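Below is one structure, written out as structure tokens; the observations come after it.
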Amino acid sequence: MSNRPGGNPQLRPDRRLGHLLSIEGLPEHLLLEILNTAESFLQIGERAVKKTPTLRGRTVVNLFFENSTRTRTTFELAAKRLSADVLNINVATSSRSKGESLLDTIDNLMAMHVDGFVIRHQDAGASHLVARHVDQDAWVINAGDGRHAHPTQGLLDVFTIRSYKGPIENLKVAIVGDILHSRVARSQIHALATLGCPDIRVIAPKTLLPAQVEHLGVRVYHDLREGLYGVDVITMLRLQKERMEASLLPSFAEYFAEYGLSERSLDYADPAAIVLHPGPMNRGVEIDSAVADGPRAVILPQVTHGLAIRMAVLSQLAGAREPQQTGNPS
Amino acid sequence: MSNRPGGNPQLRPDRRLGHLLSIEGLPEHLLLEILNTAESFLQIGERAVKKTPTLRGRTVVNLFFENSTRTRTTFELAAKRLSADVLNINVATSSRSKGESLLDTIDNLMAMHVDGFVIRHQDAGASHLVARHVDQDAWVINAGDGRHAHPTQGLLDVFTIRSYKGPIENLKVAIVGDILHSRVARSQIHALATLGCPDIRVIAPKTLLPAQVEHLGVRVYHDLREGLYGVDVITMLRLQKERMEASLLPSFAEYFAEYGLSERSLDYADPAAIVLHPGPMNRGVEIDSAVADGPRAVILPQVTHGLAIRMAVLSQLAGAREPQQTGNPS
Amino acid sequence: MSNRPGGNPQLRPDRRLGHLLSIEGLPEHLLLEILNTAESFLQIGERAVKKTPTLRGRTVVNLFFENSTRTRTTFELAAKRLSADVLNINVATSSRSKGESLLDTIDNLMAMHVDGFVIRHQDAGASHLVARHVDQDAWVINAGDGRHAHPTQGLLDVFTIRSYKGPIENLKVAIVGDILHSRVARSQIHALATLGCPDIRVIAPKTLLPAQVEHLGVRVYHDLREGLYGVDVITMLRLQKERMEASLLPSFAEYFAEYGLSERSLDYADPAAIVLHPGPMNRGVEIDSAVADGPRAVILPQVTHGLAIRMAVLSQLAGAREPQQTGNPS
């Protein structure tokens, strides 16, 4: 919107968080604010009564144009633990099949005074489109749009890295696998860069790298062991079966031999290195079960952190509204 | 039931609302009571905490034998904002596929002490059947049954008309499109007639009109501009693609040329006329985007009003019970 | 787990209920405790406000690997009436299709601090597998696993029998139909045996009986009337259409003639006999409508009792945690 500072669609006029669309363009202080808020939400999960009234009476819509039970579940649970009312709309099976446009769907939900939208869509930019369209009172979280971004994933990744390895600016981080099709990789790279990570590496076969990937500020490796050498953090990306079918890769077995993370290849990393994976894992394809279930894996803590991150983002977006509600600048 | 006055299945023995099955047969005072109650629910949507405890501890089942995310969503949200527990049952994917009958399904839910049923069904009369079957404590809302009725739609239509144009008894109203297959048209016509609308027009090709439609108290036009002449309210009906396939119509383009609402044809109506559409719209088929997004369209307010109407109906049906609960006549 | 007494996976170290996986191996005092707790939950369904705060702030996941709207609905409603947050995950349409294993799915949900899992799975033993895997704080309810067990069904059956016919140790009970494929039969037989039922009969064609069924402590009949002679309780099992297709049976009509319960065959039972059915019924296949809707059927009370049983089990599993939470033995 024209009144967003510098045209940044994620910021409100008072420079607080207005939408969460991508890590790219998210100022460091807002990113840190989310991480710090998430710390305080972590402990709610430990209680018997895992609930706060933060979003009581607010309506959050999970609008999913792609199936993703896992992501939908974490957002649904985050919103419910904040006491929001949650509507799950799986648009694959809904009125879109009757030909309604995305923005007509949004307009309808806005007319019901929905407070926030959590959107997953196969097209890059879908949630930006919605964010430009909604009223100033409503907010949008991008829960994954095409190959573009998945910002809560990037946030939970750096949250996890920071909590295990300390300040990001001292770390060497490698991301391994299908960088080309991965919104997870893209979001993590931006988050790491924002927090000053001095050494970000991507490790992948040429067919799974975007053109001019170096422009993201990363170093490119085609050899796994060379790329892992001395790193503190390894993120293994999920390999979609479709890549194989599209002949971008020879076979699962050959992929695993070259780019799969086994205990042997893990030896090339720093002895205290941690291993991340966004899930769901293909055991034996991109990661060996011995590593996935081993002492260096922080894959399940990522899930726990992901819930806290989503609660933090939801509460910041909802809270950012309150003092504004009666006197919105326009 | 035998103890319903005059056999009217929607009335309780004390003449209050017992079920909402169709506008036909709904006495004017009850219709007005719903509209007036809806006024008070409108403002809840404006608050930060969009929630009242009216239905706390009550269980509402959305029992949908036809997919309709939009209608299901409004009822789900209405019930949640009234603090009810909501169960969504999509019967296409449920035990009906195991061969259980509609009434066995209802009996089962009744045995779980469900308070109310919101039913959408492909067969006309399905919710009447259920209403005759349930215990006196339970209530039924018809959320669309075949071509027969969609009473909350009729109510939100007259609510919207009244709030923009004042008393219905002074208005000329045109309904345009597929009258034959439309429960929306039928419900709106009955609502307008109940409130004393002196001039109701239907505008449609002969293939999309029911036999003896004049018996509903409407005037029939086959020419759009002639029919729109001087009207205060225009309701455009959604054109189902299936009509085309069934050869009831030549093509979308020809349909739009003859019966689609463009700014030019809108000129024939009163300059202050408003445009309604039940949604979802087929832009460029029955309505031009310039009209749909223009200043005369009240299509999104219809959605807002629809939520308030559904909250009003739910609360009346639930409230009607309370003083009766210990001494039901039988 | 190794610290479960006698290796019984359903018991906690203090011998209270830790999981509900099968009636087999459930000690009589725990079974009775569930029945008695259910009595107190029965009346909640009668109230206007059908809700208690017992599970407030707890998260219950309905993890269904088989479609069953009916069972999912009863567990969802039971959890909601106890004020829990409920997540419905239908795994047929979720990330399992992305190849994630059952235990990875469970680990993920555990990482979100889910309190309890209600699991339906096509494979016998699935919920045992999960119960062995989860943290000591979490609990598992088996909502049906293959042909193995459906313990809440067995509990609601004996609850219903007890409330209509008094002490189980005085009763003759017949179970009729597809014993071979029925987890319902198996669970009811174990529940009856635990409560000292002296005369349990199964009545079925040879093709629908498991090998060595007598080892369950039942008497086998192939003739319906002979088997029904003098019984106090009759449980009719649902006949799956698939059995017909698999040529285990000649035709529905012939099955009904031999094993369907009509008023005439009912005459062979005790005049005060009651008729149970787990639902959904195939009217005219295993049970005649005159019987299903007749005065001896307690099929709908079974549903009411099933909800109370599920509330009782949920509250016992949740409650069993509280005093333990700070000092778990390990």
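First chain written, first letter: the chains are A, B and C, and each begins at residue 1.
Note that a residue touches a chain if its C-beta (ideal position, glycine included) is under 8 Å from a C-beta of that chain, and two chains touch if they have at least 3 such contacts.
Heads up on the chains, UniProt names are A, B, C = Aspartate carbamoyltransferase.
Quick caveat: nothing in here was measured; it's all calculated off a predicted structure.
Taken over every residue number at the interface, the positions common to subunit A and subunit C amount to under half, indicating a different-residue contact. Superposition on CA atoms relates subunit A and subunit B by a rotation of 120 degrees, given as a multiple of 5.
Centroids built from CA atoms put subunit C at 40 Å from subunit A. Along subunit C, no residue makes contact with two or more other chains. Residue ranges of subunit C in contact with subunit A, taken from their complex: 56-59, 85, 87, 89-91, 93-95, 98-101, 104, 107-113, 321-322, 325. Subunit B makes touch with subunit A in their complex at residues 45-51, 67-70, 73-74, 76-77, 80-81, 241, 279-283, 300-304, 307.
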